[in-house]
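The same chain A turns up in both complexes below, where it pairs with chain B and then with chain C.
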Partner chain A sequence: MGGNAWRVLRPLLSRLGQAGLVALLVGCIGFALMHALPGDQAFRLAAERYGPDIVDARAAAAMRAELGLDRPLALQLLEWLGRVVRLDLGRSLVTGEPVIQELRVQLGYTALLAGMALPLSALIGLPLGIAAGLWRGRWPDHAVLSLAVLLRAVPAYALGLALMVLLSVRLRWLPPGGFEGWAELVLPSLTLALGLAAVSSRVARESVAAVAASPVLAFARWKGLSERDAVRRHGLRNAAIPVLAVLGLQLIGLVEGILIVETLFGWPGIGHALVHAIFARDVPLVQGTALIMGLGVVLLNAAVDLACLLIDPRRGRQAA
Partner chain B sequence: MSGHVRLRDLTVQAADGTPLVAGLSLAAGPGTPLVLLGETGSGKSLVLQAIMGALPPHLRRTGEVVLDGQPLPEGRARRGLWGRRIALLPQEPWLALDPTMRALAQVAEVYRLVRGMPAPRSRAEAEQRLRDLGIEEAARLYPFQLSGGMAQRLALAVLRATDAPLLLADEPTKGLDAARRDEAALRLRDEAGRGRTVIAVTHDIGVARILGGHLAVMLEGRILEQGPSERLLRDPAQDYTRRLIAAEPSQWPTQWRAPSIAPPRPAGEAVVEGRRLGKRFQDRAVLREVDIAVGRGEVVAVLGPSGCGKTTLGDLLLGLLPPSQGEVRRAAGLAPWRFQKLYQDPPSAFAPHQSMRDALRHLGRRHGLAPTLFEGLRDRLRLPPALLDRRPAELSGGELQRFALLRALALDPVFLFADEPTSRLDPITQQEVALLLRGLVSERNLGLLLVTHDAMLAQRMADRVFTIEAARLLPAGRAG
Partner chain C sequence: MSGLAFGRRVAALPCARLAGAGLLLLLLGFGLVGPWLIEADPARQDLMASLAPPGARFLLGADHLGRSMLARLAHAVRLSFLLSGLTVAAAGLLGTALGLLAAWEGGWLDRGLSLLSDTVLALPGLLLVLLVIAFAPGQILPLAGGIALALWVEFFRVTRAQARSLLARPHVEAARLLGFGRAYILGHLILPELAPILFTLAGFGIGGVILTVATLSFISIGLKPPTAELGGMTSEMLPYLAEAPFQALLPSLFVALAVLACHLLAGGRPR
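Let's turn to the complex of A and B:
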């Protein structure tokens, strides 16, 4: 049993190490990029805090002194890292509120959006992919392929705009943006889900086609199992393995999509917050947001790892 | 349980009407295995698929399959007999067992889902089937944790669970090394001994000999001759059968005299030499302290079962893999491409969309070789010019392997590493390619490292024979 526990622990430990690395890299790169941006940080911050009309060089200088922005950059970075180790993300330079406080609400909105988009993409992509795999080479296969290529080729903001024009402006079925209730959730999550489904339907198609033609399924039938039992007991799990593995990769695309989609639909999640913080040069907020996103990806990947371990016994076990 | 089968005028046609199996009439009953012996493309596997009712949809079948006096139903109704009246042992069972399910469950589900027994009894029965075949310790293992022989026994346990009177076996020894092959054939004979009707298809005379029973030799969709196995193999009437029997390595003429124990070094200078070679993959030592040298004009064979490290040894000598310990020395002043490799599976060694003519033209352009060179080699390898415009999928295994040989020889190699070069070929083709290789070694004075699991083949081809045991290279005795 010791070996079995290790089988689960090892990937989790390696993900934990990855999380540490992500925190370090995201923090450093975020910090470096923010300072590489043109424009004066203190000026931008003052403009964000007091309004752009009353800001002058004096206000900016006061801001600089108050926040200690004139100290060496390396020192500012080390300070941030030191705080992160103590699980403190610092305070927003604009509002003065703790970053964690600012993010708590926004993270909930993003989790809602992602939590809606992922199942929706599975609901759209998997049945289409399975149908294409079972009828490969025939019209459902060609139709699903064309759709997937089209959706994949269109960038998320264009797809979002197209859906907005069609479903909100023309048909007036759904609100084009905002966050009052469930109706506002539909368009952004659909935009995200379609992009993800374009990939997952292809993977499901390949995987189902391979399993359908495999000797494993043939032997299951030859044993005397009914088609339903053969697919249920020997087809689905084997077909799910590659689909699940690709889901892990897709999560990175999800983060990218969230940034664009939240901004486009004015959804108050952390992607939206990140874009705002970048404009305001609110460095702790940018670093904090990027950190949470990075750790989110690592966490979800760890969950995918566990799911893969659960359905694929070959992982982490010695072969004959 | 009975299980008398009669095929009446069984014919299988391709979509364009070409007969692949032509008017076959055969009978089989409990206790006496029926063996169909033939090469790839002789239609022998189609016969099994026709009995099973699992022919590819574009093929047409006529004629009758009668089981215990009743013609078998067509189409979907035939499927109702699977696992109840007819069972099929798949080729390479390790690929057909579900990689994500433990061994016991794969047997128990037959009792549970096909025969409708309650779960606890299904498990108990399944455990008994594993015990019967001596693999009870595999109950909680997954197929990838089993050896080839164990996987085959597990597949047999599944089929015993079905209790179907008719057992079909499609190339039951494919992919097994010589010792495992004999075991597998014996086990199948036991199935017949238990009162089942066994119909087996094979290209391997050794397997046919062990199975015994009734033998039918197939060529181009027809039965060439049939009769009691023992008599037919001893005294074949047809010239083709005689050639098939003569193609077994144990029947080859012995032309080379060799010492009973292989000397460690070649008589002349070595073209490739490995000293105290070691190789580890992760935590596993595949090779340890191996000293080997191959000289010009000699064949050195390395024997061993699958996975013993013999391919790794060849790859180390070629420099395709770096050694973990020790060093490799190749004859000085020679271009790296004069050390060549011949792969086990010819189709995977060629670009699938490229004709042979293009493949050779690219090679010629890369190395500045004259087209006349290729023509000379093509004649020597007996490859007619008509084959040049074909792609790999349109060539037979033997033709493709000879093209691979042509490709290697064009670069004027001093050393050739042949990795199971004939294991995927039919017996007569195997003999042709092997004798051709042997002839080329003396003719062109090159050193050949032959890696194989077939001891008889090694003894017929090599000057010196070694085996790999527990990661070490040992000289092997030679029967001559």
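Let's turn to the complex of A and C:
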């Protein structure tokens, strides 16, 4: 049926539009950044690539010709955006390597970190949230809520530092930073996961509390299902819908967390690269990392949309 | 940030608003009166007292350059509240004004502003702030501007949605038909109804900005040393984390307390 395809296509199309907006915004800022850098661009770029001592007017002229810096601005912007859309992100001004090459390496590390942190946050946040929802209004609820409120107030870097002081400086269980093996992955992913769990526990609590008070569950109990079966077969799937939908919001938290945690622990991922590219004024790398992170959020959000449709068929029918 | 949903949960904590207000008053007092009362210069170094523990001379100890932690903290708290207050005020005024305008005018203006807000929302907030900071890392203007740029959208969307439904209410329509001016209707009929939700947004906004400024200064792209800033202070003390964890983590405690105070005050149920 056409309507059936449409209900899958419509959220995807709106995400595609969002991806376009991300590319446009990041591309324009990237272009403006390139032109806002102080001094003669060609000289500065040549100095960054060859070292400040060897740069003369000839090297700068060669650089200007290489990067096409002498054409009208509007033309350069259009060409710039065209390249951004084709994911042709140019070369890093510092290393001279293609940005996409560097991104591929960094993205792997970031995916590893995020792939550890997300399940870990679910492992911490969901049981706490479900417990709070089932015993709503009593002490587990208040305890989990207070914990979440406190965790949200503590800056992520301080949380990471406190874990570092405790687990690697005092107890010497874990290395404080670097990226040599699995042990180095524990502290950053734990820091990220705790921040995310503060949000996911709250959502899980809300949605479990709503489902626990719903007629669906009351009916399941009334027809004689044990408490355990009622929760497992009628409670969890209904409660999962908002939790999954909020996962999209969590992804934004994940990106922000990754920027901080990677920088703090020296994890060679994409957030670390972005922060260092800002120091070095390596505009193509700034633009590339921001673009990939922005597009990544959109892409994962599209996946969340689809998963929501899958788990809750009512949603598509209502929209159609 | 999803401050509103979070706010509804905070409201479940007993006396949240009272505790938040008390904590905020204490911190504001420390930040506003502290720099006047404490005679020590936050930039005065005494290298003989490097990393001095808390004691009679330095109540909260000294940092690696022998600067008084107490004086630096007072100045940093003042800076945090001033910066976040001004940024949120600017973003809130702009967002609310544009939201009212979009709701009132409708049509292409509404569509254009909504598209603009969608564009800004497409990127995670911190990413947008970083991109704006990249124009001039370590300076206060791009920092505040970038944060305000990411923040106005929240005010805009909430104001627009609420004002649209308010404008369709019978009493507002009656006022329009009776010929009351735009300023009167917006000022007397719409804004008072919006005030509580705007207050909540502003409270969470201030908490969020304090957190963002501290975080960015910690990763050295916010405010630069020697400015006493809560995140930057921790960052400066990082090499001495093992010797003086107290001095290194104390500024973060102040960040957490300030954010907590804002969240409790904004999210608590009014009594």
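Note that in this section the second predicted complex is superposed on the first by the 266 of 320 C-alpha atoms of A that agree within 3 Å, B and C clash if a C-alpha of one lies under 4 Å from a C-alpha of the other, contacts with A are read in each partner's own complex, and residues count from 1 in each chain.
Heads up, the rule we're going with is that a residue touches a chain if its C-beta (ideal position, glycine included) is under 8 Å from a C-beta of that chain, and two chains touch if they have at least 3 such contacts.
Computed from a predicted model, the values in this text were never measured in an experiment.
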{"item": "Which of chain B and chain C A:256 touches, first, second, both or neither", "value": "second"}
{"item": "First, second, both or neither for A:294, with chain B first and chain C second", "value": "second"}
{"item": "Chain B versus chain C as contact partner of A:54, first or second or both or neither", "value": "neither"}
{"item": "Contacts of A:5 with chain B and chain C, given as first, second, both or neither", "value": "neither"}
{"item": "A:171 touches, of chain B and chain C: first, second, both or neither?", "value": "neither"}
{"item": "Partner touching more residues of chain A, whether chain B or chain C", "value": "C"}
{"item": "Touching partner for A:224 - first (chain B), second (chain C), both, neither", "value": "first"}
{"item": "Partner chain(s) touched by A:74 [first = chain B, second = chain C, both, neither]", "value": "neither"}
{"item": "Which superposed partner A:286 touches (first chain B, second chain C, both, neither)", "value": "second"}
{"item": "Residues of chain B touching chain A in the complex", "value": "52, 54, 79, 82-84, 87-88, 90-93, 95-102, 109-110, 113-114, 142, 144-147, 150, 155, 158-159, 162"}
{"item": "Of chain A, residues touching chain C in the complex", "value": "18-19, 21-22, 24-26, 29-30, 32-33, 36, 141-142, 145-146, 148-150, 152-158, 161-162, 164-165, 169, 199, 202, 205-206, 249, 252, 255-256, 259-260, 263-264, 274-275, 278-279, 281, 283, 286, 290, 293-294, 297-298"}
{"item": "Of chain C, residues touching chain A in the complex", "value": "2, 5-6, 9-10, 12-13, 118-120, 122-128, 130-135, 137, 207, 211, 214-215, 218-221, 231, 234, 238, 241-242, 245, 248-249, 252-253, 255-257, 259-260, 263-264"}
{"item": "Complex interface listing, chain A residues touching chain B", "value": "214-216, 218-226, 229, 233-234, 237-238, 241, 311-314, 317-320"}
